[in-house]
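Quick one: the structure is below, and I'll ask about it shortly.
The first chain written gets the first letter, and so on, giving A, B and C; residue counts start at 1 in each chain.
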Amino acid sequence: MIQEPIIALEQVSKSFGHSGKAVRAAHDITFALHPGRTVALVGESGSGKTTCARLVMREYRPDSGRILFRGKDLNATGAVGLKEYRRAVQMIFQDPFASLNPAHTVDFIIRRPLALGQPDLKGGAVDETIADLLRRVELDPGAVTRKHPHELSGGQRQRINIARTLAMGAQVIVADEPTSMLDVSVRLGVLNLLNDMKRDLGVALLYITHDLATARYVAEDILVMYAGQIVEWGDVHRVLTNPQHPYTRLLLSAVPNPEIRFDNPDARLDPHAVEAIRREARHLQDRIVEVGPNHFTRRAA
Amino acid sequence: MTADPLLSVQNLTIDYIGAEADFRAVDDVSFDIAPGEVFGLAGESGCGKSTIAYAINRLHKPPALIRRGRILFEGQDVLDLDDRALREFRWSKVAMVFQSAMNSLNPVLRVEAQFHDLLKRHRGYSKEQSRERAAEMLRLVDIPPERLRDYPHQFSGGMRQRIVIAICMALDPKLVVMDEPTTALDVVVQREILQRIDELRRSRGFSVLFITHDLGLMVQFCDRIGIMLRGNLVEQGTSEQIYHRPQHEYTKQLWASFPSLHGHPVRLERASG
Amino acid sequence: MGAVLKSFAHNRKALTGLVIVAIIVALAIAAPWLTEYDPTRRVGRPHQPPSWDHWLGTTRIGQDVFARLLYGARTSLAVGFGAGLLITVVGTIFGILAGYKGGRTDEVISFFTNMVLVVPNLPLLLVLAAFIGQASPWVIALILGATSWAWGARVTRAETLSVKQKDFVKSAEMLGEPSWRIMLFEIFPNVISIVGINFVGSVIFAVITEATLEFLGLGDPKTVSWGMMLFNAQNASALQVGAWWDILSPCFALIALGAGLSLLNFAVDEVANPRLRTGNTLSRWSLLMRRGEGRL
C-alpha cells in the first residue's frame, strides 16, 4: 500500500546565470517521495541530479513549479512549517571523510542533532538514545562513542552519518552517492542499512547515484536524468528491463557487464551514435509517453 | 607462457618505514605480463595495487622501501637502472596514467606544448615534428587535432584523460600502467575510453597493467586478472576463470559485493561478517 | 587533540623550544629569589665587569645587569605574550567572521584588514610612539595589538574559506545551527593550527618590535626591559668602552627567546602539516638503506 507522498515536486525548473548565458540545470522536474519507498535518481555528472537534491534540501529555490510538503506548498508555508521541513529532510553526503568534523567525537556528533531533534530528552535518556541509534546502524556504542572520525573506517563514518539523520528525526533522507567513496566490500552493508531503515522506520529515501545496478538494488522507482531533464522514469524493473529512451539504453549498454567482453561486437559503442544520442537528448522534449503502468518516457515532439 | 614475458614481477616486497614499526604494503608478489596482454590488478583500498604500479616506474619516495624482489622489464631489472637509463625507460618503454591524470596536465601549457616537452626530451623533435605527432595521437583518441592549441581547462574531464592517454602513446611504449584511469569518469565515457584503448592495444601491440576495484569491468577488459588483499596476491587467472570459477574466499566475496543488473533481485549479504 | 599533543611532545624541535622558553619564564618569575638587587637602583660602581657580587657586571650608572636582565624578562615576556594574544584574538575573530559570513561582512572586514595591512608597520609604530611620547610597555603592547593583526586575519580567513566548503559544515547548517555555533564549534577547532602559528609568530614579533622601539629611544626611561637595556647601553657607548656585558646580555637574552619561540613555531607547523616532517621519521629509513636492507 503506497502512502501519500511526503514530498512532491511539480514541474520544477531551475536555471543559473543570466538571460544570455543561462544554464538550464533542471527542467520540468516532477516526482514524489513516499514513506517507506526509495526513489533512485540516476544520471551522469552534469545531468542535474545534484541540483534536484539541492532543490529538495531547499538550498535552491525553484524558478518555476512548486514543492509540496505533506500536500502543502512550501512557498505558502510559514516559518514554523519550514523549520519542521528542515528537521524532517536530512542529507547524507558522498564523502565520508569530509562529512564529519575531525575535531569532534562520535558522541558529540550525535548528541547535537539529538538535542535539536528531541529537545525533551534529558540526562541519562540522552546517553541511552545515542547508544540505541548507534546500535541501530550496526555500530557498537562502547567501541565508537569516544573516537574521532579519523579513527574510524569509511563504512563506519557513513553509518554515523545515517545515525545523525535519525537523531534529527528525519523522515526523508536524501542520499547523494552515499557509497561511491567506500570500499566495494563495505558498500552493500550501508545499502542494506538504508533498506532496513526504509522498511522499519518508514523513511522516504531519495537515492542519487550514477550506478544503475545499486539503483536497482535499493529502489522501487527510478528517474533517469540527462541534461536537466528526467528522460525516463517509473518502476525500476520495468524501466531497466524495457528501456525506451535512447539515453537510458545507452546508459544500460555502458554498464560493465562481465558476460560481454570488449572484443565482442555486441559490446561496441559507436562514438558517433553516442554523440548523436547525447545531442538529441539535450533538446527539450516535452512530449511524455506512457509506456506501461508506472513507466513513462519523454519523446521529441 | 610460451614466449618471454614483457614484464616479470618476482617476489616483490615493499614496506613503508615508520619511526617505530613498518607497514608491509606489498608482500612477496609475483606475476608476469606477456607482450600485448592486458593484465588486471583488482583489490580494495590499501591492498597494495597502486604501490606495485608506482614501483614499476620507480616513482616511490621515502619512507617507501623495496625490501626484496625484482621487476624485470624485457629481462632487465628496473630497480637496477641508473638515472640515465631510467629517463629513457620512462615514457618510451613504460608509461603511466593516474586516476587524477586530469590534474597531471600542466594547466599553464597548451596541449601541444605538453607533447613537445616529452618528444623533444626523448626524441629531439622540433616543434613542427611534435605538432604532427601530437595531432596523430589525438586522432587516435578521438580528439579533433585543431584543439592542440587549447589549454587543459578548456576540456572536460573525460577529454583530459584522453589527452593524457594520447601523450602516453606518443613514444610508443611497450607497457602502459593505468591506475584507476576511469574511476572518476561517467560510465559511458569510461566505456568509450577503455574500448578505444582495447582497440589500440590490439593494433599497436602494447601491454596494459590495469588497476581498478571494479571486477566486472576487469573481466570485460582484461585477459588475465590478479586479486590483491592486504599486500598479497591471493588469486591469479584468466578473466574467464576469475569470473566463472573463483577459487579464493576473498574473490568470491568481492563478486558477492556487486549487485547485478540482471537476474532476480536478491538481498546480498557479505560472505562472512 | 590528544594525538596532536602527543606528536608535539615527541618532536625534538618542540621540546627544545619549549624548554628554552620555559627556562626564561621561570627565571623571570623567580627574579626576586635569584637576586637581592633592585634593578633600578644604583648598587655598585659604574661599568664593573662580571664578578661574584655582580654576576653580569654593572651598567653605566651602577645598576646590576643580572637583576635588570631578570626583571626585564618580565616586561619583555609580558608585552610579548600580551600583545601576541591581542594580535591573535583580533586577527582570528575577524578572519573567521569574514571567511564564514562572506558577503557584506566579508567586504567590510577585508577592506579594513587590507587597509591596516598596507600601512607600513614600523613607521606607523614609530610615529605613534613618538606622538605619545615616552611610551610605557603597556602602551607599546596596545599599539602593537592594534596595528599588527591584519596578516593573521588574512591567513585565518583563507583557512576558514577552505574549511567552510567541507561537508560537515554543510551538515551543521542543515541541522539549523546558528552561525555563532558553527563558527565556534565547527570552524574554529579546524583552524587551530593556523591560530597557533599566528600566536607564536605574533609573540616573536611583539618581543622584537618592543625591544626595537625602546632601543630607538621611544620607550619610557623608567622601564626595566631588555629593549631599554640596549638603549642605555648604546647611549653609554658600552661596547666602545669595553663594557661588553652591558650590551651583550640583553642581546643574547633576546636571541634566546627568539630562538626558543621559533623552534616552537617550526614544530607547530610540522605537527599541523605532516609533509614537512623530517628528522626522526626518516632516520630509520636512511639506516636501513645504508645497511642494504632495501632499495628505492
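Here is the rule we go by: contacts are C-beta pairs under 8 Å (C-beta built on N, C-alpha and C of every residue); 3 or more make two chains touch, one makes a residue touch a chain.
Keep in mind that this is a model prediction, so the values were computed, not measured.
J.: Farthest chain from chain A, going by the mean of C-alpha atoms per chain?
T.: C
J.: Just list the two chains that share the greatest number of C-beta contact pairs.
T.: A-B
J.: Could you tell me the distance, in whole angstrom, between the mean C-alpha positions of chain B and chain C?
T.: Result: the chain centres lie 50 Å from each other.
J.: With chain centres defined as C-alpha means, what is the inter-centre distance between chain A and chain B in Å?
T.: 32
J.: Please name which positions on chain B make contact with chain A in the complex.
T.: Residues 44-45, 142, 157, 186-192, 194-195, 198, 202, 213-217, 219-221, 239, 243, 253-254, 256-262, 265, 267-270.
J.: Okay, in this complex, where on chain B does chain C touch?
T.: 15, 17-19, 58, 60-67, 79
J.: Where on chain A does chain B make contact in their complex?
T.: Those residues of chain A that touch chain B are 44-45, 183-185, 187-189, 192, 195, 210-214, 216-217, 237, 240, 250-258, 260-263, 267-269, 271, 274.
J.: Which bits of chain A are touching chain C when the two form their complex?
T.: Residue positions touching the partner: 57, 83, 86-87, 90-91, 93, 95, 98-104, 112-113, 116, 164, 168.
J.: What residues of chain C sit close enough to touch chain A in their complex?
T.: My answer: residues 1, 166-168, 170-172, 174-177, 185-186, 189-190, 192.
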